[in-house]
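Read through the structures below before going on.
Two complexes come next, and they have one chain in common, chain A, joined by chain B in the first and chain C in the second.
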Partner chain A sequence: MTILVTGILLGGTYALIALGLTLQYGVARIMNLSNGETLVAACFSAWLLFTTTGINPLWGLLIIAPLGFVANGAIYLGLLRPLVRRATSQGMLEVDSILATFGLLFLFEGLMHLGFGGAYFNYQFLAVPFKFLGGSYALNRITAFGAAAAIALALYLFLYKTRMGTAVRAVAVDPEAARLVAIDVGLIAAFAFGLGGAITACGGVLLSTFYTFNASMGAVFTMKALIIVIMGGVGDVRGAVIAALILGVMETLVASLIDPGLTLAATYGLFVLILLFRPQGLFGGAAG
Partner chain B sequence: MSRFEINLMLLAGIAITCCAALPFMTEGFYLTLAVNIALYIALCTAWTLFSGPTHLVSLATAAFFGIGIYATAIGIEYLPFPLAILCGGLAGALFAAAVGAMTLRLSGVYFVIFTLGLAELARQIVTYLQTKIFGSIGLFVLTDHTEGDLFYYLLALIVAIFVTGWLIGRSRLGFAMRVIGNDELVAKHFGIEVARSKIILFVISGGFIAMAGAIMAPRYAYVEPASAFNATMSFMVVIMALLGGTRRLWGPLVGVVPFTIVTDFISANFPEHINIMIGLAFLLIVYLLKDGVSGLIDKAMRTRRGTRLQGAKS
Partner chain C sequence: MLEIQNVSVRYGRHQALFDIAAQVERGKITVLLGTNGAGKSTFLKALGGLVPTGPGASIKLGGVEIAAIPAHRRVEAGLALVPEGRGIFGKLSVAENLHLGGFAHRARTDEKERLERVLDLFPRLRERMPQIARTMSGGEQQMVAMGRAMMSHPDFLLLDEPSLGLSPLLSKDMFKSLRRIASEADVGILLVEQNAKLSLEIADYGYLLENGHIVGQGPAEELRSSPAVLRAYLGEEVVPA
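Now for the complex of A and B:
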């Protein structure tokens, strides 16, 4: 039971990270492998804000999320849009964007490594026990889960209840058809890429409240987010949330019952099962 | 065989002879550098066998390489070194077949993502097996092979890879791959078994990479998972191969030599900046050198030929 709850609490944060990635890939059609670096940058920003000015990470979200939006939007407009324009086919864009975002991954990781070194960081925020369903959990994990759920809900409402959100979903379904109904596809793609960055940054801030982080962990989180996105089905908000919870529980199970060194192996096991049996995602239709 | 090809083979023969003389002329730093260059030539060319025609960025290199290292580390107790290398190749090929069968039937993104964490996965599993079942983390590889010996083995491997690549280029498989590379849908309509062709190529490429790992094992002396499965290697191979260009069999050569030297210099003098360099190299390739240096050379030759033709006409 403790494992289940811990896993779900962890999965809540994973969900945000994966939602950011699925927005970027599903709408802007860019497989952003440097997504994990946004996450790590957000962790460090939250740490800096908290340790230097004592700003509560939850308020820090209000500063860091817009920064994530602007930074990712700028990356899209400045670096990735030229690739979209020059690509003659989807396959070519895929290869180009994978290589370009690899470049960004290494570049940002190298820069953060220079800035902060390879050491592990953490800070004490709400590190008090909280009794719940017969188990005892750190309050910061519960707060992070609550905040993640609130942000995911806000995103859901935005995508499904507003005009702008509908436009975003339209581009995700078919950019060509979206253009026909007078949606500025370029603008929406840039917006979605920035929004994805902001959501991932939120995930990073929340993660930093209870997780020990360092400059070079970005790639591992990108990997987890990618697997969640594929498991949930590309561009599928509900799918990503459920897949993230499954992954969180799975990881916690393996880490506490078998060996903490095997969490990635657990993730991969899940990935292999998905690839073999449901490559279109948990809730995807026949088209894959 | 065209005159160009005969010239090329003569050139290759001379180059190989020169290289073979190298260990007699130098030792220490330059020989180590030469081994590194030979290693990356083998890795990049083997990588290009698969990733060149399919345009699928494989990041599995480090995983295959590590498997090769472990094959030697375990096999050297019972087998002569060349046989251990072959076993390494076989193990790599089997692993490639398993990975390929799972991922290459689906769209390319899945393959890239799957290979992204493969080295890390292998590292975790090997660490787990060693600590839980065998009780120790590392393995000793004690041989009396010098750097010079490794250099010859690598040279032989490079020749084998080039010959294989050349044979594939002339075979039905090579032709099928060119069609797939241009348009997969067309290939399917011709009755080419797209997934099977890709898997075969991936197996060949993975086998060679594992053999390179098996050859390099004596250099490690003490093998442990963290050093055998070094994920950075996968990225270095991608950069070098793309920098050189993947349209030609010899393309990666052009990228490997300068990049190995630059990497060696930077990791010796500015070890903190190596990731920044890798990042910038990726961006350079995507934005400025789309077809690599060999693509530039091809283009230059084409324009020269073009102007010569025009000159002849007027």
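Now for the complex of A and C:
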């Protein structure tokens, strides 16, 4: 029971990180391998805010999420849109954008190494036990889960209940048809890429409240997000949330019952199994 | 008035359209007839901004030049295209498709009234609002496509073979709806069709397209009895006396 709850609490934060990636890939058609760097930058930003000015990370979200939006929007407009423009096919764009964002990954990782070194960081925020369902959990994990759930719900309401959100989904479904209803596909793609960055940044801020982070863990989190996105079905918000909870529970299970060192191996094992047997996602019918 | 001049389209080394000139009037139905591969669909896509036109092309909508602006802004200018294959959002519901039809700023005022008119025109859609579009029949999907186009409050509606895949009875209904759209909403309709007989019955004016060239034009009633049209498009209707 404790394992299940801990896993679900972890999965809540994973869900946000993965939602950011799936928005970027589903709408802007960019498989952003540097997505994890946004997360790490958000961890460090939250740490800086907390340790230098004492700003509570939950308030920090209000500063860091807009920064994530602007930074990712700028990356899209400045670096990725030229690739989109010159691509003659979807396949060409995928190859180009994977290579470009792979390069960005190393660039950002190097910059953060330069700034913070390779050491592990953490800070004490709501690090008090909280009794819940017969178990005892860190209050910061519960708070992070609650905040993640609220942000995911807000994203869901935006995507499904507003016209702008529906337009974002329309671009994901059929960019050419979207142009026929007066949607500026380039603008929506940039917006969705920025929004995805903001959501991932929120995930990073929440993660930093209970997790020890360092400058080089971005790629690992990109992989986790990728696994969740593929497991949930690309572009599927509800699928991503459920897949994130599954991954969180599985990691916690492996870490507490077998060995914490095997967590990553289990994660990749799950990835291989999904690619072999359900490449269209656990809940997806036909692909695409 | 939609005034089209010098519209040429190339796909690589293959030229699909040669200096097309045509006019579409508001409140009227203009039909573009031609065999498969004549360039009809390409012509509509060029007008909608989905394929680039050659130099010197002019597309004037109510006197405003739109040949150089991207597809989404042509919708704002008053042009709505229902392309080959309908172009609806298959994974979204009927309601969402219609809602997105009203995404254009020009369509935001009176949106509710417009939705009511569309649902009066296609009552079937009213019962199917929550349904995912791609799970509907071909005829119903065509209604979604036309309804969505009407939601953008167009001055001109470009339709690529709306009767494709419909039963003869449904085709008749579809053409009747076009007449209503043209007269009640004062929309100019440019219709691409293979079904020459039915489309000439409801059209006001027609153009004949062959191998990327306009080879004939005239009022629909003249085309209906023109020997060239009878031979080329209504072949099955010519009964030896």
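Going forward, the second predicted complex is superposed on the first by the 287 of 288 C-alpha atoms of A that agree within 3 Å, B and C clash if a C-alpha of one lies under 4 Å from a C-alpha of the other, contacts with A are read in each partner's own complex, and residues count from 1 in each chain.
The working rule: contacts are C-beta pairs under 8 Å (C-beta built on N, C-alpha and C of every residue); 3 or more make two chains touch, one makes a residue touch a chain.
Quick caveat, the model's predicted, so the values are computed rather than measured.
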item	value
First, second, both or neither for A:271, with chain B first and chain C second	first
Broader residue contact with chain A after superposition on the shared chain, chain B or chain C	B
Which of chain B and chain C A:59 touches, first, second, both or neither	neither
Contacts of A:182 with chain B and chain C, given as first, second, both or neither	second
Partner chain(s) touched by A:174 [first = chain B, second = chain C, both, neither]	second
Partner chain(s) touched by A:99 [first = chain B, second = chain C, both, neither]	first
First, second, both or neither for A:220, with chain B first and chain C second	first
Partner chain(s) touched by A:163 [first = chain B, second = chain C, both, neither]	second
Footprint of chain A on chain C - complex, ascending	48-50, 70-73, 75-76, 80-81, 83, 87-92, 96, 99-105, 107, 148-149, 152
Chain A - residues contacting chain B, complex	31, 33, 79, 82-83, 91-92, 94-96, 98-100, 102-111, 113-114, 219-220, 223, 226-227, 230, 259, 261-265, 267-268, 271-272, 275-276, 279, 288
Residue ranges of chain B touching chain A (in the complex, touch as defined)	55, 57, 102-103, 106-110, 112-114, 116-117, 120-121, 124-125, 127-128, 132, 235, 238, 242, 272-283, 285-287
Residue ranges of chain A touching chain C (in the complex, touch as defined)	163, 166-167, 169-170, 173-174, 176-185
